[in-house]
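The following pair of complexes shares a single chain, chain A, combined with chain B in the former and chain C in the latter.
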Partner chain A sequence: MAAKQRKTFDIFARIKRGGELIHIGTVEAENEKLAKVYASFTYDEEDWSEMIVVDRSQFVWVKKPHGLFAQKGERVR
Partner chain B sequence: MNEKQPGVHALIELLETIADNKYVLGDRLVEVGVSGPNLEATLASIAMAQGELGHARLLYNWCFDLRGLQGKKAEIYGQTGKAFTEVIGVNNWITLIAALYTTNVAIDIVLQSLLESNHPAVVSRIQKLMREQQDHLIYAKSWAYELRNEQGAIPRRFEQALNRMVSEVYTWLEKVEQKAELQASGYFPAHVKLTARFKEQLKEIAAQSLVQVK
Partner chain C sequence: MDQAALLKEKIQNGFIVEGLEDMNEEYLNALKQTLTIVGDTELLSIPPLLTVYDQAPTLNSKITALAIMQDEIGHAHIAYRLLKDLGQDVDELLYKREPHRWKNPYAFDFELSNWIELGVFNAFFDRAGYTLLGDAFEHTSYGPWKRALVKVDKEELFHLRNGEIIMRTAMQDPQLREEVQKAVDWMFLMALEFFGVEDRLKSRSAQLEYRLKGRTNDELRQKWLSTAVPFCESIGVKVPAHYDEEQQKYVLDVPFPCKFDPVNKKWLFDQPDTWDNVIKRFKQRGPQNKQFVERIQKGAKELEQLRKDAV
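Showing the complex of A and B:
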């Protein structure tokens, strides 16, 4: 089967209503719908009150750390 | 068996067909799903197998109650022989997705119709099952869509597998639709349209053009 372009989705969840929203992991999926299913089946260790999957390419960075060996003067893209 | 309810026999047969398919699918989701195309798809497949086997057990237990049997529920060692031939024959990822998609879509339509009848003996038994089944449906539909839009020989092989599955499932839905006793006993609404809804659902993955539903 040809390797199709897969995207990384970050998963955030809240254990209790009003509790802290925590980053619990990532999944790689072909599309948003599969990402939701993968997240709910993979991270089922808690009875989460909220769970969100976010396509990593849609993040809007305010501050992004440089890589450890980034070239001097290289700008964050 | 309660002789006062003529539709009970038909309902048991219907529930056992659903349970048998879920039982066999649960087995195939582990057997074939363990070598899925990626880690996430495999993990989800194994998790769904547990769900399908759980649903099968719930339906077998319901049939046990409908037969009026008392005492400890019987252990389940195998299906009752009503599973679809194409589901039994699942042996690779393509046939697994074709079987999972077609069977789950058909089962969802049947259960939805049972729910619409608002029969008190039915509603409480299937509400949770239907809620849990939604993730299985999304998974099956998404993978059916992926295979349909793959490269090389995969779309053609998927089309062939889907055609065989759809043909068998459509015939079953036709038979269920024509069982007057299910409607007369109030398990299905009058003039239930299972086949029409099935054809409508196939449009979701644009499968209508590639499957030959008579």
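Showing the complex of A and C:
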């Protein structure tokens, strides 16, 4: 089923110039083009000055919060 | 200290849960249950709105109604996306689940009778959503949900204002005035049922202990009444509730809960009921439950069949 080929994209946006870049949500899409369309239609609560979709699998984590119940010594994925 | 006690203590001190590794089983289950109710409620609000959207009096009203439905789909999407990140099979949840297992309010299992009912739906039911989700926005311990609710909070306020405009405008027309009163007569108590069982009948609530929400059912019901009743009084609509100075709270002038006649959309005030029976009525579902859920699932099922036929 096509659903299995979908990827998760995180969405970041800035309301106006000089404002903070904030994480506003996520969408699932087969590719970047569709992710852009889904993001702009789903998150239309502001007239954003910037909006970015990022494939979650491409995140390079430098630091993550340590899970409260993560096993001792286990690295947070 | 066991995991549950540790997590509850940390949360009461302001700890924000960010991922699965911060949760115990009980927290995860309570969160999934809450998000399923929220997602189902947002999504299943659309079929009743669609039953009358072609009765919109102006093109602008129709565009507004469609914008509201688009918002609701967006809100449902947020809840289901959060569920997916928690490991839930959302395709299964959306397209394979039997209609009677959906968790939307009983009030959404009814067709609307006219455009005025759409206005009261927005003014009352979206107000209930705004009250419930506004509380979650303010208090929830789950970080990803709190952040997602910024959008929801903003848009639900717009929906309930749209409902108020429809009601206020209709009250100036003698014929429509009667329709407003008729709609309010069945939808007022329906909205109060959104907040669930009375506090005194609940032994404990994981939602409160883990601070998925901050206020109790009765407190939320009072919050809804504190804005809905003054609004209705200000436009001349009669509601079965008033503010009691002595008790310093809103009290109902009719038995609540009480029996409901789903065919005539009428409360049977001479037949007070118990919350146990109300829960039974919720589980039996309302008249359009099957039809409305099938409408949501129709496209996905047809597409799946086309794929099978093509292979």
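Simple rule for what comes next: the second predicted complex is superposed on the first by the 70 of 77 C-alpha atoms of A that agree within 3 Å, B and C clash if a C-alpha of one lies under 4 Å from a C-alpha of the other, contacts with A are read in each partner's own complex, and residues count from 1 in each chain.
The criterion applied here is as follows: a contact is a pair of C-beta atoms (placed from the backbone, for glycine too) under 8 Å apart; a residue touches a chain by one contact, two chains touch by 3 or more.
Predicted, not measured: the structure shown is a model, and the values here were computed from it.
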Touching partner for A:S40 - first (chain B), second (chain C), both, neither: first
Chain B versus chain C as contact partner of A:G25, first or second or both or neither: second
Chain B versus chain C as contact partner of A:P65, first or second or both or neither: second
Which of chain B and chain C A:I11 touches, first, second, both or neither: neither
Chain B and chain C footprints on chain A, overlapping residues: 1, 27-28, 41-42, 44
Residues of chain B touching chain A in the complex: 37-38, 40-41, 43-44, 47-48, 93, 135, 138-139, 141-143, 146, 150-152, 154
Residues of chain A defined as touching chain B within the complex: 1-2, 4, 6, 27-31, 33-34, 36-38, 40-42, 44
Contacting residues of chain A [partner chain C, same complex]: 1, 3, 8, 23-28, 41-45, 65, 67-70, 76
Chain C residues touching chain A - in the complex, by the definition given at the top: 3, 6-7, 10, 15, 17-24, 70, 74, 77-78, 81, 84-85, 91, 147-148, 150-151, 154-155, 304, 307
